[in-house]
Structure formats: structure tokens, C-alpha cells
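Multiple structures follow.
Here come two complexes built around subunit A, the first alongside subunit B, the second alongside subunit C.
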Partner chain A sequence: MKDLFRKREFNLFIFILFIIFGVSWRTPSFLYINNFVDILNDTAILSMVAIGQLMIIVTGGIDLSVGSSLALSGMSVALLNQYHPGIPIFMIILISIAIGLLLGSINGLLVSRAKIPPIITTLGTMSIYRGLVFVLCGGTWVSAHEMTEAFRVFPRRSFLGISSLIYLSILIVILFLIFLNLTRTGREIYGVGGNKIASQYVGINLKKIQYIVFTLCGGITGLAGFLWVARYAAAQSETAIGFELQTIAACVIGGVSITGGSGTIIGVVLGAFFMGIVYNALTMINVSPFWQMAIQGFIIIFAIIINTVMDKRNQQLMLRKRSFNE
Partner chain B sequence: MNNCIIEMKGIKKYFYGVKALDGVDFKVRTGEVHALIGENGAGKSTLVKILTGVYQPTAGTIILNDKPVQFPSPQVSQKAGISAIHQEATMFPDLSVMENIFMGHHIRNKSNGLLSWREMKDKTQILLDKLELDIRPDTKVKNLSVAQRHMVEIAKALSLNAKVVIMDEPTSALTLREVEYLYKIIRKLKSEGKAIIFISHKFEEVFEIADYFTVLRDGKYIGEGTIADITVDKIVQMVIGRSLAQMYPKLEAEQGNIILKVENLSKIGVFKNISFDLHKGEILGFFGLVGAGRSEVMQTIFGIDTKTSGEVFIDGEKVYIANPSDAMNFGLAYLPEDRQIQGAILAMNIRENITLPIIDRTSRHIFLDRNREFEITDEYGKYIEIKASGWEQLVEDLSGGNQQKVVLAKWIATKPRILIMDEPTKGIDIATKATVHNFISELAKKGIAIILISSELPEILGMSNNVIVMHEGVITAKFTREGANSKKIIRAAIGSISK
Partner chain C sequence: MNKENGVLDIKKIRKISLLNIMWQWETILLFIFIMVAIINSNLSPYFLDYTNLMNTTFNFIEKAIIALPMIFVIICGDIDISVASIIALSSVFMGMASQAGVNTFGLVAIGLFSGSAAGFLNGFIITKFGIPAIAVTLGSMSLFRGIAYVILGDKAFTKYPTSFAFFGQGYIGNTMIPFELILFFILAIIFGIILHKTTMGRRVFAIGNNSTAARFSGIPVNRIRLIIFTVTGLCSGLASILLTSRIGSTRPNIAYGWELEIITTVVLGGVAITGGKGNIFGVVISIFIIGFLKFGMGLINVPGKVMNIIIGLLLILAIMLPELLKRLKPKNSFSNIKK
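This part shows the complex of A and B:
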């Protein structure tokens, strides 16, 4: 625990509690457990994809194509479901992940082999993938009644009152917590982000690492694509437009250094949760929708400022505690 | 000489419980070169950073021209006439010399308030002329040599009309001639009545250039005095608190078979026809001026750069090394020259840095094993005496010399068969230097073949079995230990070939 809730993550956690407290004071129904389950459901997909984004940002890159990849894999499986309703749901999930892996690996190849900077690569593939969504659906929708029952309800299916969507996101969090913190490749990802040249000198294969993070992010995004269209029971050409910015925001709020080298999964998950809470709270306390976006932006900036200002003080506390222990 | 320009009294600086400075007194007079001496992590750079407003002291007062002052920011300190060349690079590589010099105090046109580049360019030219520097005001800083960059920083100090110029290890990246040139500049500044604070681990330099000294140890003030009244031994005693064992341990290592053979290695425009043999247990010294191409040769052997032609043999077999991990598989290790750029990952802690090259040995299958990592870090970290609050401390927060020790530990921990060391003792204090030299000798004795690149002649002469000298990309001379002396080596290094 002591390592997980370090510095910025801790600040953010406190800040979240603060908001919860403040809002529930005005609107007690905010505190209902159901409301929190709703928020978790709303932020599950964001958390998952933001973890993919985190890995790329840690290596010093960025992925602007996640929104489009999500839409493309979502649209593909929705169409598949529409025209071949017999395909079992777990196959659909695997196909969705596979499409995502493919799209991510294209990004990865362009960045690592063709040496095109990530921001340019993914700016390009963002348009290409989005364009392919249009081509696939011909500008029409796949709507609820065109999907099978099993497809539509999958994210909502619950066990012990918790939806499969939340279980899946917890699974992703745990898998990637292990991957980033306990495996060699995870350490190498942080190494590359911290200092590319020094990493090269110790024999870390930069190309391989870049390829891995883009591909893995693609895989998560692919899974998210299915979950998204199933949850909203609609696949359309505008699905998840602008979503890439939300994933980046979740990372930044969660204390990920945009220049690479540092950032934690717990931070990112809290970042995503924070965004969900703010959105939910603004609706609950009846802020006019016209104002919502502006206020949301304002609170995000405020959170980041608090984070950086309090960072130093917390570090101090941590280190003092550490030197006492020794 | 009682005209104190700066007096620091009872300065304390704690970093989260680490006492970097613990009650230091420090006085500097006008027209004096004041050497600040102490081991790695003694607190020298921290003191400098307090004087330049980078850090705020936890306690203590600063008195400038008999008035107590506070430096809440570097700008304030600069305005007060204090200017520093920091240990770690603080320049903007993509900007021109002129832009770097006037960064933060641009000259504006009086009538329209816009920047007046014309005037800045003229002023820069005057400063460069004064320093007898042959560079143009609009050259980008990244195209300058390390020595030239230092000179540009000095020019910046002059442009600020500094009364106190601080140089934190200015010579660690310079070669003999450049150091001579720096001395000349320092004497010139001194004759103009400026105070110079000079930090260096090399006592020859301190005795050559300084008038006065102050010694720090573990963040505490130990003593001060005039250089003329002290001996090297006494200063060493003050710095490390005991007297020093023999400096360059004599080698008794037995030399075995040829382990590394390089034949006619060339890279167009960088180096040409490099051939040499390296035996087991041998320490092969490479000497040359900055830019002689020594590091480039080694980087090519290690697979970081690609060669144009030539061959490399290990154990008599021709090998193809395409990247550092190939090289490491053949038992090579390369300790790079620049600790901040090529050596350490500053945002990682000491344990993660040291175990990064041996991550396949410390981990079980794909999973990391922190306990093993800790054991290895503890073993090498203690051996090489890294001064830190714990192995989980970020490398970024270590003193310069301790960062170098981390990089050193990291490469030694790979247990290589062939170890290439590029300026291994750069920025390391004398006591540790002796430890490192001892360690190098021990490695050689175990049969490890060592290539030692160094710009310090005593180190090359004291440590090597054989010496190779390079000049502008070619080997100009090879000496055996017996046949080598400083005169011959320097002559070969500046290009007058002697056979």
C-alpha cells in the first residue's frame, strides 16, 4: 500500500473525498451506493483505455488514435453480430481484441520501424481508422434492435450486484499493475521513458518496447470497443469522438509525467474516476448543461494545480517516514 | 585582504531529513580565487545553489557587502552580481550563443520595447573577443565543444557584470590545454577584482589556481586557510578525516591470451584504421584530447554506432555486434562518459538503475525479484561507497559524484569479461578514486580485460599496462608501461607523431 498511494495519487484521493463530501452535503443522494456503482460503470471503459494511454505516455509517446480504434473495432463487431448473430459472445470479444491489437500494432510499427513520431503517426491513423468506420457502416447506425440480446446485455450482466464491465476493468487493472510493476518489460518501459539513450546503452531494445506499448494499448482499446457499443447499444460513425483527449486528461490528472518516465496505474484509475465523479456531481447538483463543460475543465485544471503544489510536501513526509523506518 | 564581498553564516539545508548542510560558514573576498573542497556529497553544490537562489536555506544568513540579503530566486541573486556555472548543464542547446548569453536579461530597444538583437550581437562579439574565443554569436550551442560551452557560460557571467563567479567542477570535462586556457581567464577575472569560487576534486588544480580554501565534510564546516600555507597531505586529511592510502595501486596482474582484437576499424569522418589487441588481465589506457575519437571507437565496438569497415575478434573469432545487447552477450560492458545523458536514468531510484543491465539475471523468468535486486545493489553500492539516504533514493537527488558512482556500480555489476571505462573517475573525490582504482586493479587481477579512457595523465600512467594515444581519429602512438612518460604521451596527443 505505501508504494501504491504515493505522492500525487494520494493528493488526488484526498481531493476526490473532498468533492464527494462537498457534493453530498448539498445532494445526499449522491452518496447512495447505487450512484457510485453508476459512476464506476461510467468510468470503467475510460480507466481501461487510459491505462493503455499511460503505457505509451510513459515511454515518451502519445496515442491520439484510441478514439478511432475504439470506434472501428466496436463497429466491426457490431456489424459482425448483426449479420452473423450465431457467433458466441466470447468469440466476439476475442475478435474485438484482435482487431484492436492489429490497429495498435500498425501504430507500433510506424513509430518503431518507420521512426515517425508518435504524435504524427497517431494523428494520421486517427483519421484513417475513423475513415474506415465510415466505409464499414456506410454512414448508417447499428442500433439496439439490430444487436442480439446476448451482445447488448453483456456489459450489464451482473454477479453479486457488480457488472461484468466493472469486473473486466478490474481484471485489466490487475493485469497491468502486475505487468508494469513486477515484470522485466514493465521496468524497461519506465527505463525507456526516463532516458532513451541510457536505456539503449544497457541493451534495452527501444523498438521492441515501442511496439509492445502501442500494441497492448490497441488490444485494450479493442476490448473497450466492444464494451462501448454493447453498453450504449449503438455503433455509429461518431462513436467515441474526442475520447483520446479524455484518456490523456485522466493520465495527466493522475500525475503521469507527459514527458515520459513516470506515472502509475493507480493514479490513472483515480484520474478517470475523478473525471467521472465531477461529471456525475455536476449533473446531480443541477448545473446547467451549458456550464457543465466549462466547469469540468476548470475543476480539472484545479486538480492538477493542487496535485503539483502538494507533491513536494508529501514527498517530504514520505521520505521522513522512510528514514525513520531504517 | 579583509574586504569580504560575501559572508555566509551558519547555513543549514535539510532535504526531507537529509542534512546536506549543517551550519556552514563561508567567506569570499574580492580579487580572490576561493577553492571549495570536499568529498562527494559534502554539500558543495548545495552551498552554491543557496548562494545563487536555487535553494532556500533552512537556516543561516547571507551577508553581501556588509548587508544581510535574501535570494528568493536566481534572478535576485544574479541582479546582486552573483553568477554561476553549475555542475550540470544549464544551457539551451538549440539556441545560439548570443541567445544563451542574454537569456533572462535580454536587451530591449528603448523606443519601441522590442528585443534589440543587433545590440546583443555586438555585445556578444565584444565578450567573445575579450575571452579570445573563436566562435560566432549565432552558432548554436549544441555545435560547441564542452570547453567552449564553459567559456560561453563565463561570457554570460561577464555580461551580467557579475562580481562573484562560481565554477562548480568546470574542469571535469576539459583537457589539459583547455584547463590552461581556463586558468588564464580566471586570472584575468581576478585581476579585475572579481571573486571566483572554484570547486574541483583535483588538488593539482586547486594548488595551481586558488589563493584560499574552505573545506566541507558531511555538510559541516571543517576549516579554511590560505593555499600558500598548506600542503596537499594536510588538505587531504581535512577532506576525508584521515590520511590517504596509496593512490595508484601497482598492478601485479598476469596477462593472458588476447581476448579482444580490433583490426582496421574505421568510420568515415570520425576515426580511421584503429587496430589494437587487448589481453586478459590487461589494463589498456587510451589517452587523447577531447574530440580525438576515443569514445566513438568504443561506442562502435559496443554496437551503439555502426562502423564503415574493419573487424572485431573476441577470443580469436570474428564477431558481429549490431547493438549493445549483442555486445553484452559477448561479455562486454561500456561505462559511458556522460552520466546524465548516457549513464543514469535520473527518474529511477538507485536499485532500479544498478540492476537495469542485469535485469535478466536478477529476475525470475519474466518477473522481477526485488530482494535479489536489493542484495546486489547493497553489495556494489556499499563497496563503491555511494552516499545516499537509502537504495530507494532517486538518482536525480544524489550529488554529482554519487551519480557517477551509481553508473560505475551498474556496469561493474554486469561482471563483464571485457570492461570499457570512459572517464570512470570524472567528478569523483580522491578517497573514492583510490577505491575505484583499487577495484580496477582487482578486476584485472581476476583476468578481466580493461580499456581505460581517461584525460587524466596521472591516472593513465598510474593504471595502464599499455597506453594508446589518439589524435583526430587516428592512433598516433602506442607505449608500454615502461616506455611511457608524460612528455611523449602529450606530444602524441597533440599530433606530433613520435615513433
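This part shows the complex of A and C:
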């Protein structure tokens, strides 16, 4: 039981329940099931991309280009849909994933082969990809009436009252839970983040791992690009600007160590859900949307301080236990 | 290294040092700078014009003023991505004060003070709890700009005293030299002396190379980092004064996205993002490379987003270049001579 309380995910979960309780006390309509489905819809894309970001942060890197690559893949498929409306929707999805994989693998190659630190690589590709979006669309929008019906409706198409957007994000969560926890490569990702040098001595191929995480993150981001553009029924050069920070925030709130080595998918999903709940609650209790950014910043700082303090306490407890046993 | 091998042929040593200068980062930057100038003046007849060149500095000197303390931050192995948000925060506070009828002197004091306070807050959280700077400044980046949005919403402050306009629009005497430019050069010299000629500067490099070793050799690591973050805040406040004075208004999205361009400038200037390496001269050249590159592209009507592609490519290529050159360079030139 004590161990449970020391888990970050559990604390975050308690905290989320606390917020739900507090808000629904003031506005009972917050508790409606429809409202929760709305929140899930709003956070589905964020939690998917945040899982990609998680893998990169776990290896000790960071990806600042996710917002731009999301926009680039979204814009590409939106234009494709506009000029070739005949292409079936599942081809569109595959193409968006392929574009994402390509953009991610460029990041991965620059980091693993050219040995440019991840923050610099993605800082550069962030501008480059964002610029390419502008070049592609020439500064204009692809708006709802230029997209086909099937394209626009896809994320909202629902089965048993739950949208395909949510199903897709659950699929991604399960796939990556298996990948990160049960496959050898998944465990190697954690190994690299824990100790780069030690992991190479035990035979982990650092270059390969770095390449894989950036490429996979790119793939998820590419899919998210299509979902984003279809859901909001608009593709423009400013799509998802600043989104990279939200994904990093979801990771940090979910207890992912920014220096690498630790972090779980459940934590990240809870982190994204937490952000969604806070935004939703703010509108529910009639707080101006201008407060959103400040509150997001405050939560990030608060979450990191809590994480760090708890970590240190846990380490001290472990040390004490060890010295006691000796 | 040369001192150890007193028997070496002096001519050979001179040859080597000349070769080393050739490969030095600043030389490469200077070369890029000259290339940019030549290409620009060929593309547009308006580039090599004294008035134009002086006036274009307005567009990047405010970023340059933040790039100076950012060199210290990055050499320490930290990073600060909240600087642009600090600009917004200071600018909003100055706007509020100006609305309340505070004079120019008071506005400057408020700008500098709020900037330093924000920087101090960053540094305090980072050093007190031992949290990586990127995580903390990521949060404060949202927080500071968020406060600006809370105060201003979709409105803007536009009322500033007339004398306040001097800082961002004024020239020195009757010359065409902007006040901002002179201020930047004075600051660059001060920061350069501190970084390269004082104990403080040596300590900054020591922290960046190995902060644990630095602490064990008696350097107050956390106090120095706290000072550096506070000074970064102070300079952001100063940049906020210049920018607010230049455009004469404050909106919450002021200086949006500047942090990335500032970090790009510093890294292009040869400061290692992993810390421990860098110098002021390289960054000053890189400031002018990016500034003039953007000016030149603006003259031939390149859209801003396309400029960003070129800046991004420049950043990545610039970082890849030393690795590529290392491969081209004759291997172990020193060990050959020793034999």
C-alpha cells in the first residue's frame, strides 16, 4: 500500500479525482458522461503524440519538431484529398503515417549518424518542416468544403458511442505498452536513457535505438496530423503551433524524468488527460480562456517540483533501507 | 602542446597554428558572413547602403542583447527557453505602469526589475530543487506569457510617454548609428571581458565541463547559475524596454518564438549545447550573419516562413560541418610531427 502511494501515476490519479470532485461540486454538469467523452476526444491526439515524445525523452532526447511535422503531414494529406478526392481514406491514413515516418527518420538520422544533439536537430527541423508547410500551401488554407465527406467525418465516426479517434488512441496506447514493456527493443530504450555508456557495454546499439524512437515518434505524429486536420476540418500553416510544448508538458506532468531513463505510458496518458480535464474544467467554471496558458505553466512547474522532491525522498528511503540491511 | 616539444622545428609549428586558425569556428563564421554579404549585395542593390544597413540592425539587436547572457547559460550546460515570455511579461508591466502615468525613468526601472525577478525565479527553482533548466523554463515560458495574457487578454497597451521612444528608435547624436546598436556593443564588450578575462568566466567554463568537479574545487556552482539566470532575466527586461519602445505598443504575443532564434544564434556562434565551450566573438558574428541573411532575403521578397527553412538548414549544417571537416582533415597531424 505504501508503495502504491509512492508511485507518481497513482498520485496523479488521486489528484485528477480530486479535481473532478472539486469541479463537479460547483458545476454538476461536469460529471455527465458526454462531457468525459468530449475530454477524451480532446486529449486523444495529445496523448498519442505524447507517447512518441515519451520514448524520445526516455532515451535522454527531446523532440521539438512534433508540432511542425504534425502540420506538414496534415497539410500534405489535406492537399492530396483536395486534388485527388478519389483516394480511399485508409490510403490517406497510410500516406500520413509514411510522411510522419520519413520526417521522424530524418530527425533520427541527424541525431544518430550526424551526432547532432536532439534539441538542436529538432530545433532546426522544427523551422524547416514549418517552412515546408508554408511552401506547400502557399499561405492559404485547406478548409472544410475542400475536403471530402469521408475525410472530414473519419475521426468523428463512432461505434458504440465512442469515436474512431478514441479507438485509435487506445490502439496506440496498447501497441506501445506492449512494445515498451514486453519487447527487447522497448527495454533497450529504457536502458539507453538510464545510462548511455553502460548500455553500450552490455551490447545495446545506441544509434539504432535513437533512430527507432525518432522514427516511431514521427509515425505517430504523422497519423496525428491526419486526425488533427480532419477533426478540425482545416489545414493551415499555423496548425498545431506550440503543440510540441504541450506534449512535453503531458510527459512532465505524467512523471517522465526529463533527463531520461524513467517514465511510463500510463503516466503520460494520465498527464494528457489531466491537461484536458483542467482546460475543460476552466470553461465549465467560467474562467476566461486567457488563463489557460498561465495555469498550464504553473501546473508544469508544480508537477516537476513535486516529482523531484518525491524522487529524492524515495532515494533517501532506499539508501536508508540498504544501510539498515547491511 | 607546443611548449612540451621544445625541439620542434619552429616553421612547422607556425604552419600548424595557421592551419588550426583556418579550421577554427570563428574563421568559418567570418567566411560565411562575407559570403552572405557578397551574395546579398549581388542580389539587391539596396543591401550595401549605409542607412539601410544601420536601420536593419533594429530588427535583431534586441535578440542579440539576450543572446549575450544566453552564451553563459549554455556554456554552464543549462538552457533558458523562457526569455521571450519574460519580454512579454516585462512589457505588460511597463504598459500597466505607463497607463497609470509613470514617467520614462520609472518604466525603465520596472522593465529591468520585472525581468530580473522573472529570471531570479527561474534560477531559484532550478538551483534550489536541482531540476533541469529546460523543464523549469518550459513551465515558466507558459507561466510568464500566460500572466501577460491574463492581464491583457485581447487588448493592447499603446500609451507610452514620448521620451520613452528614444530607447528603441533613437540615434546617437546626428549620426545614423542607432542607440540600440551602441548599447549592444558596450554590453558585448562587458560580457566578453567577464567571460574570457575574469575568474567568474573561468568558473562558468569549469561548471559547464564538469559541474561536480567544479563544486568539489570550491566553486559556488549554484550561486553562479542563479546569478546567470537572473542576469538573463535582466537582459530580457532590457530587450523588452527596447522592443516596447521601438514598436510603441504591447500585446501578449509580443516577441513570440524568439527564444528559438536566440538559441539558434548562440549555437551557430560555436557555443556547444552540451556546455563548456564557446566564445563571445563567434556569437557576435553569428548574430550579424543571421540578421543580414534575413535582411537580404527580405529585400528580394522571401516570405518569413521560408527564411526560417534557411535558418534551420544553416543551423543543422553548421553543427554538422566540424564533424565533416574532422574527417577531411589529415589525421593526427601532431603525432606525425612528434615522430
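Following the convention adopted for this analysis, the second predicted complex is superposed on the first by the 290 of 326 C-alpha atoms of A that agree within 3 Å, B and C clash if a C-alpha of one lies under 4 Å from a C-alpha of the other, contacts with A are read in each partner's own complex, and residues count from 1 in each chain.
Basically, a residue touches a chain if its C-beta (ideal position, glycine included) is under 8 Å from a C-beta of that chain, and two chains touch if they have at least 3 such contacts.
Note that this is a predicted model, so its numbers are computed, not measured.
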item: Subunit B versus subunit C as contact partner of A:I33, first or second or both or neither; value: neither
item: Which of subunit B and subunit C A:T185 touches, first, second, both or neither; value: first
item: Which superposed partner A:I248 touches (first subunit B, second subunit C, both, neither); value: second
item: Residue contacts on subunit A - larger count, subunit B or subunit C; value: C
item: Partner chain in contact with A:L160 - subunit B first, subunit C second, else both or neither; value: neither
item: Subunit C residues within the subunit A interface of the complex; value: 79, 125, 129-132, 134-136, 138-147, 149-150, 153-154, 260, 263-264, 267, 273-274, 303, 305-309, 311-313, 315-316, 319-320, 323
item: Residues of subunit A touching subunit C in the complex; value: 62, 64, 110, 114-117, 119-121, 123-128, 130-135, 139, 237, 245, 248-249, 252, 258-259, 288, 290-301, 304-305, 308-309, 312
item: For the subunit B and subunit A complex, residues of the former touching the latter; value: 16-18, 304, 323-325, 327-328, 334, 336, 341-348, 352, 356-357, 359-360, 363, 366-368, 389-390, 392, 410
item: Subunit A residues within the subunit B interface of the complex; value: 182-188, 190-191, 193-195, 197-205, 257, 261-262, 315-316, 318-320, 322-323, 326
